[in-house]
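Sharing a structure here in structure tokens format.
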Amino acid sequence: MTEFLTAAVGFILAMLALGLLSILRGPGDADRVMAVQLIGTGGIATLLLLGTVASIPAAIDVALTLALLATFASIAFVKKGLSRFEADGTASMEEK
Amino acid sequence: MSVATAFEIVLAAVVLGLGTWTIVVRETFSATVGFVAYGLLVALIWVRLDAVDVALTEAAIGGGLGGVLLLGAAARLWDADLMAMEAPGEVARASAAALSVLTAAALAGAVLLLPDPAPTLAPAAVANAWATSLSNPVTNVLMAFRAMDTMLEKVVLLLAIIGVWSLAPDSAWGGRPGPRHQADPRGVLAFLARLLPPVGIVVGIYILWTGADHPGGAFQGGAIVASMWLLAIMAGLADTPPVSRRSVRFILAAGPGLFLVVGLAGLLFGAAFLSYPPAQAKPLILGIEVAMTLTIAATLGLLLAGAPERSAEP
Amino acid sequence: MSLVRDMMTIAAVSAGAFFFLAGTVGLLRFPDTLTRLHALTKADNLGLGLVVLGLLPQAGGLRDGLKLVSIWLLGLLAGATVSQLIARTAHHGSTR
Amino acid sequence: MSGVTVFGLCAAAAVGLGFYGLITNPQPLRKIIAFNLLGSGVFLLFGVVGRRGAVAGTGNDPVPQALVITGVVVAFSATALAIALLLRLFQTTGSTKLSNRTSPGDGSDPAGG
């Protein structure tokens, strides 16, 4: 069981690495910000599996913290876009 | 080579790859995103090193608050990025590279040559856990055995916020920090900012509460609460308070103040500064932690909000 | 009983790993920001959900199980909102 | 080679990378990020040393863990202060250049400064 879960951790981590490679290359900043979201899902899955494999139950709390906070970088990015639009004198981007 | 070691090598390679990307990439924004991703992944290494307390801190700071701080700064410096910055010449680069490689090699050598058996203070920390009747050794070290460090750390936070506030221009002295954020009250961001904070505050309190016996504690809990406050601010649901307000200053000083009072009481009635009588150690430590969580949440939120930019009256 | 639990774990975690693979292939192959965002937030969240489902039989107790489920729900919430926010920013950026 | 050693080498490399970025990168924000990378490498070294000193009942020596938590907090407050200074510099001068324009070598500049 432990071997299977360890292999699964390695596999998901490798997928994460490949995804990061492709996202960070761009072309736009929106693509790059997705890297944080990618770690928000893939990283949490890795963390949960790792906690089970290494029998560290508190890893779930770290995953909970990451799940809560991984959104924040993306929100900061969106606010950046927002402030630029506002500076340009165009309407808020959250309009219908 | 076992499967587990292969996993560790992959993890180290991904983290190092992100670190390298952060340093060598041309645009500042990409570097910032790379560093936020790096901060999130380092939490995985800390879990793997069985240091879950640090992993929680790293996840809350590196991933959440640090990301907002750095990306916010990158966004506001947007135009500055276009300005040509003269890079150091070839010789300076080469010598910097040589110096860095030398430093890294020396550290790597030190890691490979670490003494065996490793020196450790863990047995002493475990053996003295009875003195506080808390079973999380890290909380014991932070709040009792090296409580002076933790108290001074809170003073550093206070000094940092005083430093940030002193950067306010005259017109906004004592006013509200940061710009007033606006968002559609029926939009996605406002929806998230209404849904997430109740959950986040519960999780923050849980992390504080569980810190007595399991990984967690005041700082990690406070950081989560602070980020929930920031979310409400960024969605335009709340505004930053004017920094001259009395209640704000009271909350900022409450944590270190209570710590200092308890420490002086130890000096007067007990053995030494910051010594707790064993019978009351647990309630005293928990009381300090609750006060510190509030202080930390307020301090971190205001640190991220930045220097006052608008006068207190709208 | 333990065998049934382990079988469930292996099946669900394998399926989760497959969706992480699918998400990464999407990131590598899809041409533009919006389609990549689609691949990231749908496939990876399904992968996370399946990993959580697979780890539930291994969880230490009711509290750990509840935490696992809430991590997945938080992940879903983050994926749903952040994908909208990033997509709007990217969309405005490209049409301007 | 054990897993702990792998992370130790990774930490050493992070320190080197951060040091290089701190020296060579002209952008102040990049310098701040590089400095944080350097700090994160140092913290990881503490973690590796603490992991080796683990005894039964603790996965990692609690004393270096507590030191690292204190260090992370102090590094974060220093970063926040540095960024506030940077934003204020940008607000006042409209640029984030650190070098002094009116250095003695610039004496021929007609604007004088």
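Note that the chains are named A, B, C and D in the order they appear, and that numbering of residues resets to 1 at the start of each chain.
We take it that a contact is a pair of C-beta atoms (placed from the backbone, for glycine too) under 8 Å apart; a residue touches a chain by one contact, two chains touch by 3 or more.
Quick caveat: nothing in here was measured; it's all calculated off a predicted structure.
Chains joined by the most contact pairs: B-D. Separation between the centroids of subunit A and subunit B, computed from CA atoms only, is 19 Å. Centre-to-centre, using mean CA coordinates, subunit A is 10 Å away from subunit C.
The mean-CA centres of subunit B and subunit C are about 27 angstrom from one another, to the nearest whole unit. The multi-chain contact residues of subunit B, meaning those touching 2 or more other chains, are 4, 48, 50, 52, 65, 74, 76, 188-189, 192, 196, 199.
In subunit C, the residues touching two or more other chains are 70, 74, 81, 85. For subunit A, residues that reach two or more other chains under the stated contact definition are 16, 33, 40, 56, 61, 64, 68, 70-71, 75, 77-78, 82, 94. Chain pairs that touch one another are A-B, A-C, B-C, B-D.
Considering their complex, residues 3, 6-7, 9-10, 13-14, 16-17, 20, 24, 26, 29, 32-33, 35-36, 39-40, 43, 46-47, 50-51, 53-54, 56, 58-59, 61-62, 64-66, 68-73, 75-80, 82-84, 86, 92, 94-95 of subunit A touch subunit B.
The touching residues of subunit B, when paired with subunit D in their complex, are 4-5, 8-9, 12, 15-16, 19-20, 22-23, 28, 31-32, 35, 38-39, 42, 45-46, 48-54, 57-58, 61-62, 65-66, 69-70, 73-74, 76-77, 80-81, 83, 85-88, 92-93, 96-97, 99-101, 103-105, 107-108, 110-112, 114, 118-123, 125-126, 137-138, 140-142, 145-146, 149-150, 153, 156-157, 159-161, 163-164, 167, 169, 217, 219, 300, 303-304, 306-307. Within the complex formed with subunit A, the subunit C residues making contact are 6, 9-10, 13-14, 16-17, 20-21, 23-24, 27-28, 33, 36-37, 40-41, 44-45, 47-48, 51-52, 55, 58, 60, 64, 67-68, 70-71, 74-75, 78-79, 81-83, 85-86, 88-90, 92-94. Residue ranges of subunit A in contact with subunit C, taken from their complex: 1, 4-5, 8, 11-12, 15-16, 18-19, 22-23, 28, 30-31, 33-34, 37-38, 40-42, 44-45, 48-49, 52, 57, 60-61, 63-64, 67-68, 70-71, 74-75, 77-78, 81-82, 85, 93-94.
Looking at the complex, you find that subunit B touches subunit A at residues 3-4, 6-7, 10-11, 13-14, 17-18, 21, 29-30, 33-34, 36-37, 40-41, 43-44, 47-48, 50, 52, 55-56, 59-60, 63-65, 67-68, 71-72, 74-76, 78, 179, 181-184, 187-189, 192, 196, 199-200, 203, 207, 210, 214-216, 220, 224, 227, 230-231, 234.
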